């Protein structure tokens, strides 16, 4: 089974990801936290990343958080991409309803 | 501690009863069933007996099932009498709402 | 709750010896004594109940149940229900406010099975016992014995079930959740609810009027029912039967007696009810299983030992 | 139930992949597939539910909740509630009978938090799954996975909680059972009930409209919640948090996600409610404990991960 390297350029973390495994799952298995973990089902958009280099396959993702034009540019959800080569990724800002706002309201 | 003999003349059963122990409890401890066991609290009248011979003390009993004039004549509830001597008892018919009636209705 | 009757609010039980009874309901059941009155009555509640009391003990020379009271949503509903009872031909008695301490006026009536019931709208709101209404902890420490959660329902034995049904269902807005039918289709047991619980009050046919089968108190879990059974033995309390499951309601239960011979139940689980549910029916041919789901036979005591 | 709204009757959830979703809700949660329609929607129910379905899955390119429906007691109540909504200024949409198979007409409206709700009076009565209405056994054999007892409630995130409160409480007859207040006394969470359950629907303040936090399914016991947690691991299902207890409602819970990222809860226990209960209040200063009673801190996911 092929094993690929994933490097997060934002945080400097790197980890291996097995063929058929999602980038997010590979990260969680190494107990890293360099990408936020949400629903793990392509639904909530919490684990959005930018793939800078490399090839991958996609599972189903919410069109709201990963519209086709964004996916085209490598803006995808880490829980739903499966590397075909080594990848270089970076973090992207969280979606509109950011935790900061909510926290302020509830403090 | 004194121990008394209780004889049930209706059924022929006999058993020992310790001082301070109710006749019904003593019977249950010997796994006998010669007096029906109800609430064991002097409330339901299910364990009514006639004391033919002997002396005893009484606990509180429902006046409905053991009115003073009946107690006077030795018609008491086995769960609430505590022998002071050997006793001879006999069974008495069950109170008005007899099981037979109920059983017929629900068969 | 369509006519405004909310829940079982209290039951007044006669006991032969008050001290023994209070010890039983506090130390063993885990209820909390909240007051006494100049008649010598003792008031108790279970910890989740928001009103001041749900159980009143009265010393008398014969055990049994004096009355069971239902709380209604407000005075307007009480007035309307009172009128509806009278219009239906049910005689009502006015019990003035404060006859039970910190309880508003009660409308008392006796149904054809011979049992007295009351409706009332007001009782002193004391909140749950031992937990705050702000940031409440999960449960209060310091509860005794079985840690009863609430007074839940009563089961009464008496005649004229059809007439009783009419009053509870047609006048008071209860629903028939479960029933037992004999081979002729006559209803010989009826479990009535006014909300989501499978029964708030139940009746089983019996020739003699006004008999009291049991008052029931809710526990959280089957584990708690087992622990209740342990406590019944530890305290040498008179046991009836259990722990087991009912077929009717499917509740998990144990029965025992208070020191005056009044039957108590503690139970957990069981089905829930909504007004669109069709009644569950048990046939008398399966009565044993309906009452005691595991043994599938009745113990004689359940049908005949009453106060 | 004072205005005739009875209970949560259904929720329609969008999923990215129908096959995966059906497998999740049947094999893991233990719901029963009862029908499919020509739109490709799949209908499911939990075993104690008497109507044909309580969960509708719709395949879409974005997960989330389409609407939640409440069953009302009858057509007259539905007409009155519809009129009351319109009089209150809430726009209603008519969804004809059979748009959902075997469901009567639905009155749909969207509240200011951006969530769509429906009222309906009729749905095909199929009875509890796997048990008879005559001499019913305690539970059906052959249930899968977590053996969910019923669809219980939803939690939604959105703005305008006060306006949402007004509609649910003043128009639809719900009650406020629990709330979270910020230091200024603004209600930032509201748990609303229409019957004895501690919540039939809940809202937490959130800037973005129309977000779905979770759909919740009732289990019988804490033991069943543990078993659910075991199954979540056995099936490598995405877990959120638990098993633990909530401070709010005191329910015992575990959260996880369906394969499209919609959050699910299974829970047991918790408090009960009657219309005379004063609301329970949690302060935002204790929000961690209010949500997760044992850890007493929030996990970030709970407040931010939504569909």
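Going in written order, the chains are labelled A, B, C and D, and every chain counts its residues from 1.
One rule holds in what follows: a residue touches a chain if its C-beta (ideal position, glycine included) is under 8 Å from a C-beta of that chain, and two chains touch if they have at least 3 such contacts.
Which protein is which chain? UniProt says A, B = 2Fe-2S ferredoxin-type domain-containing protein.
The structure displayed is predicted, hence computed values, not measured ones.
Participant: If you average the CA atoms of subunit A and of subunit D, how many Å lie between those two points?
Facilitator: Each chain's C-alpha centroid was found; their separation is 30 Å.
Participant: Calculate how many whole Å lie between the centre of subunit A and the centre of subunit B, each centre taken as the average of the chain's C-alpha atoms.
Facilitator: Distance between chain centres: 80 Å.
Participant: Return the distance between the CA-based centres of subunit A and subunit C, expressed in whole Å.
Facilitator: Taking the mean C-alpha position of each chain, the two centres sit 58 Å apart.
Participant: Can you give the whole-Å distance between the Cα centres of subunit C and subunit D?
Facilitator: Using C-alpha averages as centres, the distance is 31 Å.
Participant: Touch graph of the chains shown: is it line, ring, star, complete or other?
Facilitator: line
Participant: If you go through all the chains, which pairs of them touch?
Facilitator: So the chains that touch one another pair up as A-D, B-C, C-D.
Participant: In the complex of these two chains, what residues of subunit C are touching subunit D?
Facilitator: It is residues 1-2, 6-7, 48, 50-51, 71, 73, 125, 127, 133-136, 138-139, 195-197, 220-222, 245, 247, 250, 269, 271-272, 274-283, 286, 289-290, 293 of subunit C that touch subunit D.
Participant: What does subunit B use to touch subunit C in their complex?
Facilitator: These residues of subunit B touch subunit C: 36-44, 46, 60-64, 94, 96-99, 101-103, 105-107.
Participant: Which residues of subunit D touch subunit A in the complex?
Facilitator: 16-17, 61-64, 180, 182, 188, 205-208, 211, 238, 257-263, 284, 287, 300-301, 303-307
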